[in-house]
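Written below as structure tokens is the structure these notes are about.
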């Protein structure tokens, strides 16, 4: 019988410090058994359990895109027991990943539509996965305009800075990078909170679908902005976080009403969330 | 005992009507025999749900922690001593409380009653002062209350409340000549190996449900040490060492604060006598510091203060 | 379907003889109450009991169970890689399980064995276990199995069912597993008409004795958010200690935690029962807790059993009516009362 709790063994191939406070690092993992990579076939929006022997597991969104081969990447914020330990691990160390888990962004529905991505802080990980996926030459024709609003507290707290700069140069994606504030006289992007910049830069909800990931406060203030722009709740897509253990809907702790965030989510439309108890 | 029910209802109604309190905490009659439920009433028209009998063994002080409103509460001897401890430990203020004192003659040990009827199902209990009648589908037996007291009640020497704003009955005579620590002395006499065996057997049925901790008014830490993950002090499995660590450390946290109310034992679904841990520390506190918890508002528990004449013999 | 009659002595002797084929879990008197324990020559089965205090769920789903093992360090190329712990999945039987507790396994099965994922340990333990039920001649006043689709002699979920007819036992095989169990058991003789009639009468009279039965049908028609926002939860939750008594004694509570435990260079990944009553159950690494308050946790337990489960599986409630939580809740929170409040809201 297949064991959904057994992690694939992986080696840490590369560690990148993402932010100036050094609390966010991106880990590239390579599967020890090459055949596991195929088994780990994922879709942007899904997550996996990062498993460290002796410490436990943490659910983390997949930051790489299935169009990137040979590794999977996760950007991890240092908060608890497992993530703190992971931050002290080195390239070459062996651990495990278990997944892919959960559902994904509604790629089927997004086809032929304008895609608006709104991200804040370190919740940008599965949005990175999504952007890389969409701008891949094979996929780009499937989507119309792609607009990204991404903000962090300061320039130094933005994730994936090199990629952001590269996307800025492209003409097939509209980038609106913003920070809450900065002393940098050379800062050439926006200054302001994500909801405000969203209100300024997004002009239409016509044929558009919005994906929103960020801290609860950002989500709370972005939601009315999108609704005012005319996005119906079915076309506002959110990804939730919860304490998880099993990741497969069995251990019982991540439910919101009769839905498990790990299995029925983490991606829900605002329309779905409005039908669920506000317990998250 | 039963006569208090009406008085509690009258008092609660008066206090709520006169707005002396925002809410009144007492017991309600349970849905199964020998089980009562903690109850909070804030509507003067619903005080008829308040109830008192020989099975009010839960410690209501547990429900006072960090309340910010003004509350009335019924309190017998041990509960009142926990209220004192709560006030000393800043868990509630004296002026928030209206304490309705109940002189107590002890609670009945529901497990002893079940043993006496050989675990047959009890459908009804009638309590008549010194005796009570137990009824089942095919039996009816009368027992003397005194022989069925909870073991902590049998050795209680503070049946009367030590702090109250109003008393619902005449003070009862305190028991004298009880020897509360006989069982502790037996354990003290054992060699370390035997002691280890005794305590390991004592907790062997523990399922780590934490009912004992959660029923204890002393256990109000925002995060209990067993729930800490960084560092993780105790494993969470059914490993006997971890389980024993939980019980020992919890008891030590209660040293000099425990009033021997018996709530921990009463609530344990597995019938474990965890007072074997706390009583030893109560005994030590009495012998080393002449201290009994919760008798007065103007003295802090011994492990909470330093005095030059404290017992120091353990420092070698 | 095999129907055999055993004298009570024959029955015990028959079980003794089965110990070579099965690990037998039987009710044993343990202090004030009964518990299912392996019949090993020392422990004497005692079938004169109402129900065990702890449900037999731990036979299939242990309170703590090692899932994986590993070694730490860098020396060994296999270090830090999890290996599934070896397990004994040889045949077991729970003999004397009450029909409600057997039905509970069917309820729990929907969680652990579903089209997307199968829990390898629960499923294999369950599949290797034969459930030999003992009907309830005298249901307790707290039993409400008939309100949740069961009954004192309910057969669904059992592999065989035993009727206590006073001097003798009638045992009926109900599934292939049950028939195999009976085929291996020595003694007994085929049941005659009189015995079968006596069993039928017993079944009818026992069902009559179930007195408390809150209906559970109205729950399905309610809206989750309406019940979630109902005003009665504060009152229901007031006395709750947030202990794990109800969840640990409940045969249908399945929630678990996974923990790593290390000694020196060797470690285990262990799964332990967990409880929605504990604040830690849902505490995020960030410190945020979606069920931070007692009332939220109490509501979760009842909503899960009586509404979320109902909506998710469309197959009744997540409760088999055993009444343990009613009897042993230290503050007397009564699920029957909560169910009525939900029905009437």
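Order of writing sets the chain letters: A, B and C. Residues in each chain are counted from 1.
Keep in mind that, in the parts below, contacts are C-beta pairs under 8 Å (C-beta built on N, C-alpha and C of every residue); 3 or more make two chains touch, one makes a residue touch a chain.
Here the structure is a predicted model, which means the values were calculated and not measured.
Enquirer: What chain lies farthest away from chain C once each centre is taken as the mean of the Cα atoms?
Expert: Checked the centroid distances; the maximum from chain C is A.
Enquirer: Going by the touch criterion at the top, tell me which pair is linked by more C-beta contacts: A-C or B-C.
Expert: Pair with the higher count of C-beta contacts: A-C.
Enquirer: What's the distance between the Cα centroids of chain A and chain B, rounded to whole Å?
Expert: 51
Enquirer: Compute the distance, rounded to whole Å, between the mean C-alpha positions of chain A and chain C.
Expert: A distance of 39 Å separates the two centres.
Enquirer: Between chain B and chain C, what is the gap in Å from one C-alpha centre to the other?
Expert: 32
Enquirer: List, in ascending order, every residue of chain C touching at least 2 other chains.
Expert: Residues 257, 259 of chain C touch two or more partner chains.
Enquirer: Which chain B residues sit where two or more other chains touch them?
Expert: As it turns out, chain B has no residue touching two or more other chains.
Enquirer: What positions in chain A touch 2 or more of the other chains?
Expert: Only 80 qualify.
Enquirer: If you look only at chain A, which of its residues touch chain B in the complex?
Expert: By the definition above, chain A touches chain B via 80-81, 84.
Enquirer: In the complex of these two chains, what residues of chain C are touching chain A?
Expert: Contact set of chain C toward chain A: 67-68, 70, 72, 79-82, 84, 111-112, 114, 116-120, 123-124, 224-225, 228-229, 254-260, 262, 267, 269, 274, 276, 281-286, 288, 290-291, 296, 300, 303-304, 307-309, 311-312.
Enquirer: Residue numbers of chain C touching chain B in their complex, please.
Expert: 30-33, 50, 53-54, 63-64, 138, 140-142, 238-239, 241-245, 247-249, 257, 259, 261, 270, 272, 275, 278-280, 326-334, 336-337
Enquirer: Which of the residues in chain B come into contact with chain A in the complex?
Expert: 229-230, 232
Enquirer: Write out the stretch or stretches of chain B touching chain C in their complex.
Expert: Interface residues on chain B, with respect to chain C: 30-32, 35-40, 58, 62-63, 111, 114-115, 119, 121, 123, 137, 205, 207-211, 213-215, 227, 235-239, 266-267, 269-271.
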